[in-house]
Amino acid sequence: MAHDHHHDHDHEHGSELSDMQLRTRALETILIEKGYIDPAAIDELIETYEKKIGPRNGAQVVAKSWVDPQFRKWLFEDGTAAIGSLGFGGRSGNHLVALENTPSVHNMVVCTLCSCYPWAVLGLPPLWYKSAPYRSRTVADPRGVLADFGIALPKDTEIRVWDSTAELRYLVVPMRPAGTEGWSEEKLAELVTRDSMIGTGVAKSPKELT
Amino acid sequence: MNGGQDLGGMHGFGPVEPEPNEPVFHAEWEKRAFALTLAMARPGGWNIDMGRFARENRPAGEYLAMSYYQVWFAALESMMKERDLVAEDEIAAGHSLHTPKKVERVLSPADVLKVLHRGGPTERETNTKPAFKPGDRVRAKTINPPTHTRLPRYVRGRIGEIERVIGCHVFPDTNSLGAGENPQWLYTVRFDGRELWGPQGDPTATVSVDAWEPYLVPA
Amino acid sequence: MSDHHDHHHDHDHSELSETQLRVRALETVLTEKGYVDPAALDLLIETYETKVGPRNGARVVARAWADADYRARLLKDATPAIAELGYAGRQGEHIVALENTAAQHNMVVCTLCSCYPWPVLGLPPVWYKSAPYRSRAVSDPRGVLKDFGVTLPNDTKIRVWDSTAEIRYLVIPMRPKGTEGWSEDKLAALVTRDSMIGTGLAKQP
Amino acid sequence: MNGAADMGGMHGFGPVVPEDNEPVFHAGWEGHSFALNMATGVAGVWNLDAFRFKRESLPPAEYLNLSYYGLWTRTLELMMLEYGMATPAEIAAGHAIAPFEKAPQPVTAAQCANMVRCGSPYNRPAPAPALFKVGDKVRAKNMHPTYHTRLPRYARGHIGEVVRIVGCHVFPDSNSQNLGEDPHWLYTVRFDGRDLWGEGSDPTVRVCIEAWEPYLETP
């Protein structure tokens, strides 16, 4: 069964790629010929999300919240404003809510209906976030999904899943790892992984920094 | 399981398109896939509920993209592979490559009509009493087992009325897992269209499902 | 949208030939291993292609129209009443007959798979097993009836039966007017398959 | 609508498979599919909710078998057809076919950069006070509209607690049908996992959704 599935996937992926390549190019050509879009706008958008906006933004937010109690308080009271003060916001980040992970509560974010994700602080979502397995199972079996990521939480930790059904976007603030006392924001930000800000991971420990 | 097979109330599939003068089978291979499935049940040692679970137990996109007998055939293949009756290399070669397993009984042409006539009755003797009687209001439980169940998603959590006590029948939820027939009382439960679908429901329509006692609680 | 449909059909066709090859390969393997007897397969196919079909159900309905005692027996306990006519067995072990009246119209579906009363109706048509029927029959039965060109009065109650267990349902359509004194054989010719599923009505004389 | 997009609680899709060092786009065309969708969004011919509705209206088998950006490209094709930006012949040819009217003003890189920076806020002035307050128990209505809605099936009919009043936001159910923004109060509602999935499920799980006031009722 598993073997068959893989076979199918390869098959579809391979044939779909060239098909979609052609169809996407066709649309782009039409839109440019008809004057709806300036080709430079397409290049600008691709470059922005490939190079400029990504999880390093979110990591800065988290690191600051670890060292600056006032910022942390503000972040949980008004995520949009606090995050905006670092220069992040806009598209898929107009209404940001920060969620605090603690030893007793672990937060996880999903969009069961499509693929809502806080682009402004995390960039574009990875494939797994948009996949049927993640979208179907996270609300019903979050511990099982965490196990797919190699994460096992204590049995009595409350797990809060946030299904992004509206235009609110969630940023999980992971727990600060032990042994990082006195670290700079820049160094702390290196511990903050993308997955730890979705809730499918935890921040790296100092040992994991190479 | 909440899979591609649980279609009640889904949108987006378009109109029903009846085919004029539809043949019983649409291709020669469909006939063979049908007959093989019926003929292998006994030697294969599976029951109807295991067969249904094997059909639905796949990604919804795969289930929905397959034709009807493609689903049957895929389930037949997977059940035979699970039981080491046939291996993938044999299907690829189109010939037997490994020693056959001993099986219970091969269906002979002489037995075909007898077997079809006997069918597979699912009613069982019991000394228990049914918990509900006609007219009782019941709520279908909220359950979401990842394994086979015959309680469709669209009735879960909804309130209906017991219309008929059918008898004590084999329970698919356990039978499909090889965990025993575990017979349970079976009822016809009638639901109002608006109870199921809310304001979008047709006030003149009701829907009845057959539901085993473990699916129901008093409302 | 139409190009999408074409696309899918093409896709299905290429899968068909692949499935065809796999089915043949599997049948060869099973025959060589002695798990199946090819003559039994041929008999199974012949039975459902030529012997068991909606003519069986039509005879049951015609008898119910012509014989009040039989009708009463059929509606009380359909399995033995249908067996009187020689129809029984696989996928018809527990049959319930549903009476259509001017006040109430019955329709049968299996949202979870394809349950269908084989001994009286044969194997189900493709549309009965299709996603559009299985999804909409329970939530929009009038819309489905419209797909079949059937419009019922607004105050007719519609009862949908979702075959979730091993109970199989046979709809007894209303007897058309102007058929008084007709023989059972002549009546049976009015009984369509769809009228016994509830997606159609009996033919008019 | 109850379409393939509404995946919460479905079974059979297998494990989540994270990809090491995943690139932002897996092929050049994916970046272009993404950028085209963003840029046409800036053009303002349609709104985001209408786009989502079109995407989830694809036949479920097609939706489930397309890759993520494949779905975006397919939806963009359908939107361009519906809103008269291209003809089927043009999409097949991959070129504009004369005669056509040239758009007065193309979407520029500067406009796109501005959209990325500013986004598009969804909060609006409130036409009336909020009906619910934090701590209120609310029931998600049992509704099954055939049009776009953001109330997932798994939450319908279940009771939760208001944990936040988000504000007054554009209502997708109306906006997706081009019936206006019709803003309504938006709440974060928290459900106990056992209420959603049944008695045997994980007691430590809570699920929060955002729900507009018309989705909710007092239990």
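Residue numbering begins at 1 within each chain, and the chains themselves are lettered A, B, C and D in the order written.
Everything that follows uses one rule, which is that a residue touches a chain if its C-beta (ideal position, glycine included) is under 8 Å from a C-beta of that chain, and two chains touch if they have at least 3 such contacts.
As the structure is a prediction and not an experimental result, all values here were calculated from the model.
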Margin query: Need the most distant chain from chain A, centre defined as the mean of C-alpha atoms.
Written below: C
Checklist line | Between A-B and B-D, the pair with more C-beta contacts | finding: B-D
Notebook entry, point to check: When the centre of a chain is set as the mean of its C-alpha atoms, what distance in Å lies between chain B and chain D?
Noted result: 34
Margin query: Can you work out the whole-Å distance between the CA centroids of chain C and chain D?
Written below: 40
Margin query: Taking the mean of the C-alpha atoms as each chain's centre, how many Å separate chain B from chain C?
Written below: 16
Margin query: Can you pull out the residues of chain C that are in contact with at least two other chains?
Written below: 131, 139
Notebook entry, point to check: Which residue numbers or ranges of chain A touch two or more of the other chains?
Noted result: 5, 132, 136, 140
Notebook entry, point to check: Which parts of chain B, given as residue numbers and ranges, touch two or more other chains?
Noted result: 2, 9-11, 13-14, 56, 58-61, 64-65, 144, 196-197, 200-201
Margin query: So in the complex, the part of chain B that touches chain C is made up of which residues?
Written below: 5-11, 13-19, 22, 24-29, 31-36, 38-40, 43-44, 48, 52, 55-56, 64-70, 73, 76-77, 80, 85-86, 90-96, 100, 103, 106-109, 111-113, 115-123, 150-152, 154, 166-167, 169-170, 172, 186, 188, 190, 196-197, 200-202, 204-212
Checklist line | Touching residues (chain side chain B, partner chain D) in the complex | finding: 1-4, 9-14, 56-61, 63-65, 141-144, 146, 153, 157-158, 195-201
Next item on the list: Would you pull the chain A residues touching chain B in the complex into a rising list?
Entry: 1, 3-5, 8, 132, 136, 140
Check: Given the complex with chain A, which residues does chain D contribute to the contact?
Finding: 5-11, 13-19, 22, 24-29, 31-36, 38-40, 42-43, 52, 55-56, 64-70, 73-74, 76-77, 80, 85-86, 90-91, 93-96, 100-109, 111-113, 115-123, 150-152, 154, 166-167, 169-170, 172, 186, 188, 190, 193, 196-197, 201-202, 204-212
Next item on the list: Would you mind writing out the residues of chain A in touch with chain D in their complex?
Entry: 5, 12-13, 16-17, 20-38, 40-46, 48-50, 53-54, 89-95, 112-115, 120, 123-124, 126-128, 130-143, 145, 148-149, 155-168, 195, 200
